[in-house]
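Structures follow.
In the two assemblies presented below, chain A is common to both, partnered first by chain B and then by chain C.
Moving on, here comes the complex of A and B:
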């Protein structure tokens, strides 16, 4: 039923243009998914263990093993959750677009997608910002609060964190574009849906 | 059935329903504006100076004056900018709704508003998350990074920061609702615009 309507409309308003638009949106979604999935994995697997010699007793070195994990910083935990949820959202939307064209509820399909996209934007934005500013403290420290930088000791940890943040930021920009596209889709929405 | 009614109402212009919806949206926008403006001001004016006695030379106390300012933490600076911009956005949208009903560009008015709202959601979400996680370090410290808490010394500073973050979170929730309303508005948009 929904498909028939859509098909009629497509015939009415340049089906090839509609179809190419659909593929553009799908491609951007796939890239956004890859970006947030990369961010999730890189951050979730981020762990660096270092053994430092802190003193010598005779000829026996006293060593301390320190580990930097993303779990130690609540902002990074939120980052992983937020990017994981964003990846899941984009995966679902790709599935719905490919296999669930008939899924609809009272003609609200497009509006629901736009609202879910917008919520995901909020989520990634929160995760990426929190991680960015926490990483900044890790990199530069904060002399006023007497928080020392830790990136001089845990270089690999910081580099990987940076990669995750860059991937997440790319995901955020793509999600902003996707949400704008979802909103514009509502403008061209066939009125027939509500009849 | 419900949808058919809606269409009839739209055809009949259903002015009273439309008008009441408009006022609901305007009221929520005003509250959101007040929330983000409060967050901006409370954080921007957040400053605490403490004089501590660090030593005694004979009977002369040696004092150190420490100041906690929001400017010392990049996350709080971003928080102030983000909430300030969100307040400005809501103020503009209120103005446009009240006095600029004729403002439009190629029938894109509603879509532009929805997209600006969505961008503002991203902005507040980023600002609020960054500040929240930074405040958490200020409150609890981070033993792994050897960052000591500072809220035991600067209680007033931390309390005010907390108030600003709560106000901003309220603003974020309201902006999510507003954006959802802006998106739904596109659904009921008269078809004439895009044809």
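Moving on, here comes the complex of A and C:
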């Protein structure tokens, strides 16, 4: 009986302002999902094959076919996995928001959403920063460690990697906004009336 | 007297401050000079932008941790501290992730890109960088524990106890 009163109190407070807030959050989640999904797909399909002339024997050139794939670098693998999990998380949250209004566990629904959002922010930031610095080494090389830059030979690979990293950074900023909104929702939820 | 909750929070914040400071000092003082078959080399943390970012990020978090240690318990700034904790956790994660990515290439090399591992020649530098990364990791875990603890303390009055 007390629970029914609480539900009525919540529904009574749900003005048009709260409903528009819900739609704003949902829209930002959809955009963030698109950003991280784009980053995942672009990096996962990032592959470039190039035939280079290594040496000349007499007058016949010796050609070597080199492939640049994202799996060669653990940082990019982490990037793909992190953005994939973030996209999955956003998808789940959108589904729960749209279809699972009744899903609750001891009143912890908003807290779980906020905490999961925070972990996703952490994951995306880790992946994006690792990929950024690996891409910087690939673009500029490192003279102290005698690591040559590879972006002048594999331009398409580097360009696509850059696009993926930019998309992931945009997704990160959006996820930060979403986390702030979720925490706001959590702190402002109508306090349960204790008997 | 100091409440046990406040004591625990203070202890955690002190540990976090100490480990970020250790990470900064270990990374900043890591340099090694040597000769390798008449080729003189020098390894410093400024060689890689990733390590520079690690030092800068951990320095910022050290200053923040130091300032928060002196915050009185009742002040309303603690809400801002909660938000800033989240932001600085994100900064720490990104700095550790970047430094670890470069350190992994330095240790194992990347044969496909013809990048040779360099840790064989500069073992002392590599060990110190590893130490700095471990300290940064412990700082990160301490900050996460702190954040969860603050959220738990904040939300506890809101939960209906059965």
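The working rule: the second predicted complex is superposed on the first by the 176 of 195 C-alpha atoms of A that agree within 3 Å, B and C clash if a C-alpha of one lies under 4 Å from a C-alpha of the other, contacts with A are read in each partner's own complex, and residues count from 1 in each chain.
Methods note: a residue touches a chain if its C-beta (ideal position, glycine included) is under 8 Å from a C-beta of that chain, and two chains touch if they have at least 3 such contacts.
As the structure is a prediction and not an experimental result, all values here were calculated from the model.
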item: Partner chain(s) touched by A:134 [first = chain B, second = chain C, both, neither]; value: both
item: Partner chain(s) touched by A:144 [first = chain B, second = chain C, both, neither]; value: both
item: A:68 touches, of chain B and chain C: first, second, both or neither?; value: both
item: Partner chain in contact with A:188 - chain B first, chain C second, else both or neither; value: first
item: Overlap of the chain B and chain C footprints on chain A, listed as residue numbers; value: 68, 72-75, 78, 107, 111, 115, 118, 121-122, 125-130, 132-134, 136-138, 142, 144-148, 150, 176, 179-180, 186-187, 189, 191, 194
item: Of all residues in chain B, those that touch chain A in their complex; value: 2-4, 6-7, 68-69, 72-75, 78, 107-108, 110-111, 114-115, 118-119, 121-123, 125-130, 132-134, 136-138, 142, 144-148, 150, 172, 176, 179-180, 183-184, 186-187, 189, 191, 193-194
item: Chain C to chain A touching residues, read off their complex; value: 41-43, 47-50, 53, 83, 86, 89-90, 93-98, 100-102, 104-106, 110, 112-116, 118, 147, 151, 154-155, 158-160
item: Interface residues, chain A side, partner chain C - complex; value: 66, 68, 72-75, 78, 107, 111, 115, 118, 121-122, 125-134, 136-138, 142, 144-148, 150, 176, 179-180, 186-187, 189, 191-192, 194
